[in-house]
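Here come two complexes built around subunit A, the first alongside subunit B, the second alongside subunit C.
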Partner chain A sequence: MHSHAPAPTEEEIRGVVAPLASLEGPLLPMLHALQETWGFVPQAAVPVLADILNLGRAEVHGVISFYHDFRDHPAGRHVLKICRAEACQSMGANALAESTLQKLGIGWHGTTSNGALTVEPVYCLGMCACAPAAMVDGKVVGRVDDARMDRILAEVGA
Partner chain B sequence: MRDFIIPQYPPGDDRDMGTPARSGLPVTISVDGIAVTVPEGTSVMRAAAEAGIMVPKLCASDNMEAFGSCRLCVVEIEGRRGTPASCTTPVVEGMVVHTQSDKLRRMRKGVMELYISDHPLDCLTCAANGDCELQDMAGNVGLRDVRYKAPEDRSLVNHFATRDGAGINALYVPKDESNPYFTYDPAKCIVCSRCVRACEEVQGTFALTIEGRGFDSRVKAGAVSDDFLTSDCVSCGACVQACPTATLQEKSVIELGTPERSVITTCAYCGVGCSFKAELNGDQLVRMVPYKHGKANRGHSCVKGRFAYGYAQHKDRILKPMIRDSIDQPWREVEWAEAIAFAAAKMKGIQEKYGRKSVGVITSSRCTNEETYLVQKLTRAVFRNNNTDTCARVCHSPTGYGLGKTYGTSAGTQDFDSVEAADVVVVIGANPTDGHPVFASRLKKRLRQGAKLIVVDPRRTDIVRSAHIEAQYHLPLKPGTNVAVVTAMAHVIVTEGLFDEDFIRTRCDWDEFQFYVDFVSDPRHAPENVELLTGVPAADLRAAARLYATGGNGAIYYGLGVTEHSQGSTTVIGIANLAMLTGNIGRPGVGVNPLRGQNNVQGSCDMGSFPHELPGYRHVKLPDVRAIFEKAWNCEIDPEPGLRIPNMLDAAVEGTFKGLYCQGEDILQSDPDTKHVSAGLAAMECVIVHDLFLNETANYAHVFLPGSSFLEKDGTFTNAERRINRVRKVMAPRNGYEDWEVTQLLANALGAGWHYTHPRQIMEEIAATTPSFAGVTYEVLEEKGSVQWPCNETVPDGTPLMHVDGFVSGKGHFMVTEYVATDERTGPRFPLLLTTGRILAHYNVGAQTRRTENVAWHPEDVLEINPHDAEFRGVKDGDWVRLASRSGETTLRAVLTDRVAAGVVYTTFHHPATQANVVTTDFSDWATNCPEFKVTAVQVSPSNGPTDWQESYNEQAERSRRILTAAE
Partner chain C sequence: MKIFVPGDSAAKALGADDVADALAREAAARGLDVQLVRNGTRGMVWLEPLVEVDTPEGRIGYGNVTPDQVPDLLDGKLNGLGRVEDIDWFARQTRLTFARCGLINPLDMDDYGAHGGLVGLRRALGMTKAQIVQEVIDSGLRGRGGAGFPTGIKWKTVAEAEAPQKYIVCNADEGDSGTFADRMIIEGDPFQLIEGMAIAGLGVGATRGYVYLRSEYPDAIHILTQAVKIARQRGLLGADVLGSGRAFDMEVRTGAGAYVCGEETSLLNSLEGKRGTVRAKPPLPALQGFLGQPTVVNNVISLTTIPVIFERGAKHYADFGLGRSRGTVTLQIAGNVKRGGLFETAFGLTLGEVVNDIGGGTASGRPVKAVQVGGPLGAYMHIDQFHTPMGYEEFDSQGGLIGHAGLVVFDDTVDMLRMARFAMEFCAVESCGKCTPCRIGAVRGVETIDRIAQGDPDAIPLLTDLCETMKDGSLCALGGFTPFPVMSALRNFPDDFATFKEAAE
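Coming up: the complex of A and B.
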């Protein structure tokens, strides 16, 4: 499990990002690579990225913090995103989200105590026609009602 | 810039025009019925401002590019849809703009309403009250009501309240007060990004960012765990100046209130010579703000000039004159009359007993031109000898010599604006980001636009690589091998045929060039052959030379890393040769530019501080020059050059030099081989120190005359670009007299009969006797703000660029630059090379900056050592180490870094507790005696604490600083 892994060292971070330095606009690919490797973007990566790309530390932090999807700590084994944009809200997404969080006993961005699932809000998955929508580990699910949500939760072991 | 509340039209209207000025073809538009013609590329906002119409704005400022985020500056343009932002819309010929309409007023009010809905309404107790653009704009757009109301169960979501009902407000971020000079209060922030853009575009440090997005956006210094002090922030103040609200606010304003008047003056720190507005309440200085029409700094500043002025009020400052008969006695405070009479009697007695030449003066590069002129006049006209020298001896005397010999003037060839046109910049032996930060910011801006950079320096300084800039070539030479590197560059240019033959044929002496070609094309100067000597890879050196010769406008900037060597003058000549070879002289973007250390090094040299030169660099042995001054001063001038500082000290030790008047310089700390300096001073019978503080030299003084700070006097400073800037009296001298008055008192006590009542009269005398200053008067300076000498009948506006149509000396002179290794060599006992320098937060011997909050960044001098050398010696990061050379030893803490190559160590000389100059030797430049600070063979070993020398020195210093409070 990610959360118990030792913090990545500077050398490990360099190993992951250095090969991407020749890309055009390399910062985002590097951040994705870090998140793919460790499940989050370690703070220790900020000075390393700043050094490799000759940026200020602040700039790197600005980019990372701009994107909600870059995490500063590992998520659970699965990630559920529930859409909270207008179309889904009008189709009952708020109630669905509330009952889901209650069932799991967590809040937004929280992870279940067994480490199985993290729940996050998302603002529009482009699935307005099938609202309310959600996304499980990158796979979109439409017309989510309580029953479908229960199936999802069972599937991921939450 | 938000200090436009202080109406300050002439001299110089410094309203914020919104967006930067442009140059280009004229374009005429109509703004609210007023026709205005501006260069193409100008924004509608700026064009309106030129017409006197200030469009409301929050995110725009004329020192940064338009951003278009606040949506307050919207206008209507006939024939265009919608309401474009005037800051991001460039003018088009014939455009008809309306800045006012019902629709625009409604929109602006709506925007302001949103801003104010998330801003605390504590204006009356806010530090920016009366100096807040948000407040001004709310007034301007006529905001009368904020309609956003909180829901019943909780308050309106906001960033400023500490609590939300019963709970805490999770959005509230407390103030960051880590920086000693300003606070960051996120509660007041409107996220206009001006601070972030100022940090990036103006300063070039990239220490700030906007964290998060949308409603969560926050200004943030550094990364997650940083605050302002731990981030990359260099405390230049650009963000504080840019902030339209109280979010980034000087602590001095928080404490003292909004200033009500301002005086334009010149910074007294480095040779950049930034113009500042000193803002005051009565005679209470509230803050220093860079003046946007200052031609050296163009509205920018660094931590020293912007914030580190507190030393003038420091408790250590001595305000009463003091005397004593011998240096083991405590000081006795006396009245001015007694001190002056005591000093005059002593000097007179010494001259009667030991002869006319047994006394001398040292002028200061920190005092004004007028003061310096009087001090050298004191020795020449009153003491009747030429024993005058200046601290320029220990920094840029080789510049004077080298450039004088090759080009005919002892000064840099360009103005600072010139860097904006440079294509290839060569920085040799200079660390501009620390030593000349405002110039460095301008240079970095040009580098970000694509100019190429070559750095010749033993250390990997910040200019080599830092955010968004990177040198194409860094030539990390071994200290002391400058001449070999510069000559090797010339070798490449000559042998590869990259020189500018047209330029050389028309502008330089062709025969001398032939001779020089023979010398320099000798294979022993080839990069491959000097590689072993210099440690610079031959391929890099060749590539760098090619780049300089062929990359377009090539400009060379150099510092003390060039001059403070036994071959300092030779390197300066070598640099001058390079510029002539490539034709890089006499137009914008090129040239040879010494980065002067102190505020008035240039001026003190101009004013005849050197023992062999009368004002204007004219040799004292020339009868016609002497005649001018003999007539003006009504006395006879000694035709023999006098003693240089090292000669004075030697003569003192020998017993022939007995009296010294030293104004505003701490030779004990700043000059090499401290032990020799102290022996010389101890052997004198009367040392008069004229300074703000009981400095280290004062430990050996008999008379202490309190000095006045730059805020307390009128005069002029001349910066590194020959620019004569006015220094204006902001407050009355706390010690009672301006420095020139003190010199006059002393001279008159010696029978001089001077009666100057204002420095303008001294400048009149300078102008009357010195051709290059002939056109300089206080009236001209008042009118133009500043002028660059030569300024005379032929060039009444001064001379931004020198040698435009021909060298001052007629033809440019190529001179051979044979490399002769210094006598200071490494050996088994002293295997490392020590080089010294300075750091951003401190200035020179630190007398001023150590007495400010700048110590937060650099509390002590440290020794930079390569990890390889450290490991070999068992030294860990932060350990106390003993640093020993052939002349002395000291202890300090080690910092392990690969900025210095193996075999090289580096330290600064800002703190007397370390006394780095105990270690430096008395080797000096062959031509000018400029000491070889930059090369000392040393050994480093682990240590437990201060050396015997440091302890005995401190004991002596303690003892000699005693002051008897009540005079008996």
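Coming up: the complex of A and C.
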């Protein structure tokens, strides 16, 4: 859905971030707003943010690259996050992740060749009493076994 | 007819939305007048989706309900669990902080007020700053985020600092595996957090607050954001808190997937829009915190416990507990366990009682091998340590920590060398990079554990030495506490570190 959109212009970027400039500590809210709009943080946003916040471009880049959430390129049409943390591991999350990635023929952070799905690791979704857990486009799923995972993959067309 | 179907994300992860949809459809088809309430969870995740039907006898629970059971439920043919409050797992708890969680509609402020909400804040509005701080000190409340620092002492430092602006920052970056108490209370009783932050603001003279909530919790973000809006409309937040003429307002901020931002100084950097690197202490955040101003940084459970203390009195709260661990602990029983969920009780139960008696042993039915207490930076406890009472000092003496009180149970299929390696790997991925022992040490730790796995006996003393360095030399708990899971795995489960060596001999 995001992948074929034209690159955003400086004006469009300013339109998204400028309303947030009066916040205390506005950079993270701005980055979230950009990713919300385009599905990733466009490279063209770096000089704009640097200008608005009176920061160096390197500083802005440093913040974007520090956080796991911010992407520098579009993800697939759907994003599946599989929890890799201890509670999920105690219920077989490692095997689940391995078989899922194998079925899709991709690695962590990879996107299926039809562009339907990106798979990312996540460390804890707070579903530790109904592990193993996953999240599909912001929707959490608990006690995921192979059958449930197959249903998820079919639903997103992966 | 009033029916409750939890809107908590764990309940939703187990199909609560489908059950709610089926109920609404079926009720409409039958022309029944059903009022559907999306409450929080009662914490019995093992029974979710736990549907409750309001009857003259009380709220009757139905566990693990599926959408195709809905017609039977409405016909009265489904086997129930009786009154929810009488379910043994629930009845055995002392629910102070979580008293309303699962009981009320989380976004109904009148429902909140009808169940004791705002009593604490109204009382605090009649007290001086010093009296408020003293009440918290007298309660014995210690920070529930993990470090266990006395909350009242922190507040006193901020209250006595002179500054044009002070802040209340709520640490809701609950990244520890095995913990979900913050998520549950925010989703189930968000006004309680708002009330606790407002009391904190009155106590230390702060007019602004922030909740730093992790992006992995979209449901919690949604609910709390709505609750803040409602609180503002209803005059709980704003320039004139409950008509007192005193100001307090707050905002919800979303994290961005960095585990280290649960550390208070890196959280503050992140909130300011910087890389989430750790700051050296001193200066303490209490004196120079958010934007350099005096700041209270408290965990969600600490802040949501504040209204309880002001509603019932410091002494009532302090009367629960063990030794210097006062009040209740919100145990989160998780992982490979039969009856997982949130169990609030006075400090003092033993680890074995929690795992076997309350948790019912493993979900797989195999023997318990290890329990990691306190998140990814907590020790792996052996069943020989099951006599240890749940208390800060008691766990410390066993080479462990309580942390945010999450327990992850593992059965006998777990390979402890692999878990030790994972702890180092996790530290390497999540290290903020500021200090060398954590940044480099974690990478070397993975390599050293791989050498042990390949049968190199010299690597064991090297790992021990490396852990000492990380423990003593790291700036924060990420590098400093990663040795807890690693060394406890090595010490308590030596067989898992010897297999390959023996095979080679």
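By our rule, the second predicted complex is superposed on the first by the 157 of 158 C-alpha atoms of A that agree within 3 Å, B and C clash if a C-alpha of one lies under 4 Å from a C-alpha of the other, contacts with A are read in each partner's own complex, and residues count from 1 in each chain.
Criterion: a contact is a pair of C-beta atoms (placed from the backbone, for glycine too) under 8 Å apart; a residue touches a chain by one contact, two chains touch by 3 or more.
Since the structure is predicted, the reported quantities are computational estimates derived from the model, not experimental observations.
**Student:** Please work out whether A:Tyr123 is in contact with subunit B alone, subunit C alone, both, or neither, and reply first, second, both or neither.
**Tutor:** Touch partner of A:Tyr123: subunit C, not subunit B.
**Student:** Identify the partner contact of A:Asn54: answer first if only subunit B is touched, second if only subunit C is, both if each is, neither if none is.
**Tutor:** first
**Student:** First (subunit B), second (subunit C), both or neither: which does A:Leu28 touch?
**Tutor:** Only subunit C; A:Leu28 stays clear of subunit B.
**Student:** Of the partners subunit B and subunit C, which touch A:Gly62 in the superposed model: first, second, both, neither?
**Tutor:** Both partners.
**Student:** Which partner does A:Asp72 contact after superposing on A: first (subunit B), second (subunit C), both, neither?
**Tutor:** Touch status of A:Asp72: first partner only.
**Student:** Counting only touches as set out at the top, which of subunit B and subunit C does A:Cys88 meet: first, second, both, neither?
**Tutor:** It touches subunit C, and subunit B stays clear.
**Student:** Which partner, once the models are overlaid, touches more of subunit A's residues, subunit C or subunit B?
**Tutor:** Answer, by number of touched residues of subunit A: C.
**Student:** Looking at A:Ala133, would you say it contacts subunit B, subunit C, both, or neither? Reply first, second, both or neither.
**Tutor:** second
**Student:** Identify the residues of subunit A that lie in both the subunit B contact region and the subunit C contact region.
**Tutor:** Residues 62, 66, which sit in both footprints.
**Student:** For the complex, which residues does subunit A have touching subunit C?
**Tutor:** Against subunit C, subunit A makes touches at 23-29, 31-32, 53, 62-63, 66-70, 85-91, 122-131, 133, 135, 138-143.
**Student:** Under the definition above, what is the set of subunit A residues touching subunit B in their complex?
**Tutor:** Those residues of subunit A that touch subunit B are 43, 46-47, 50, 54-62, 65-66, 72.
**Student:** State the interface residues of subunit B toward subunit A in the complex, per the touch definition above.
**Tutor:** So the residues of subunit B touching subunit A come out as 205-213, 220-226, 231-232, 465-470.
**Student:** Provide the residue numbers of subunit C that touch subunit A in the complex, in ascending order.
**Tutor:** 9-10, 12-14, 45-46, 48, 174-180, 183-184, 208, 215-219, 251, 253-259, 270-277, 290-291, 332-337, 340-342, 363, 372, 376, 406, 408-411, 414, 419, 422, 426, 430, 432
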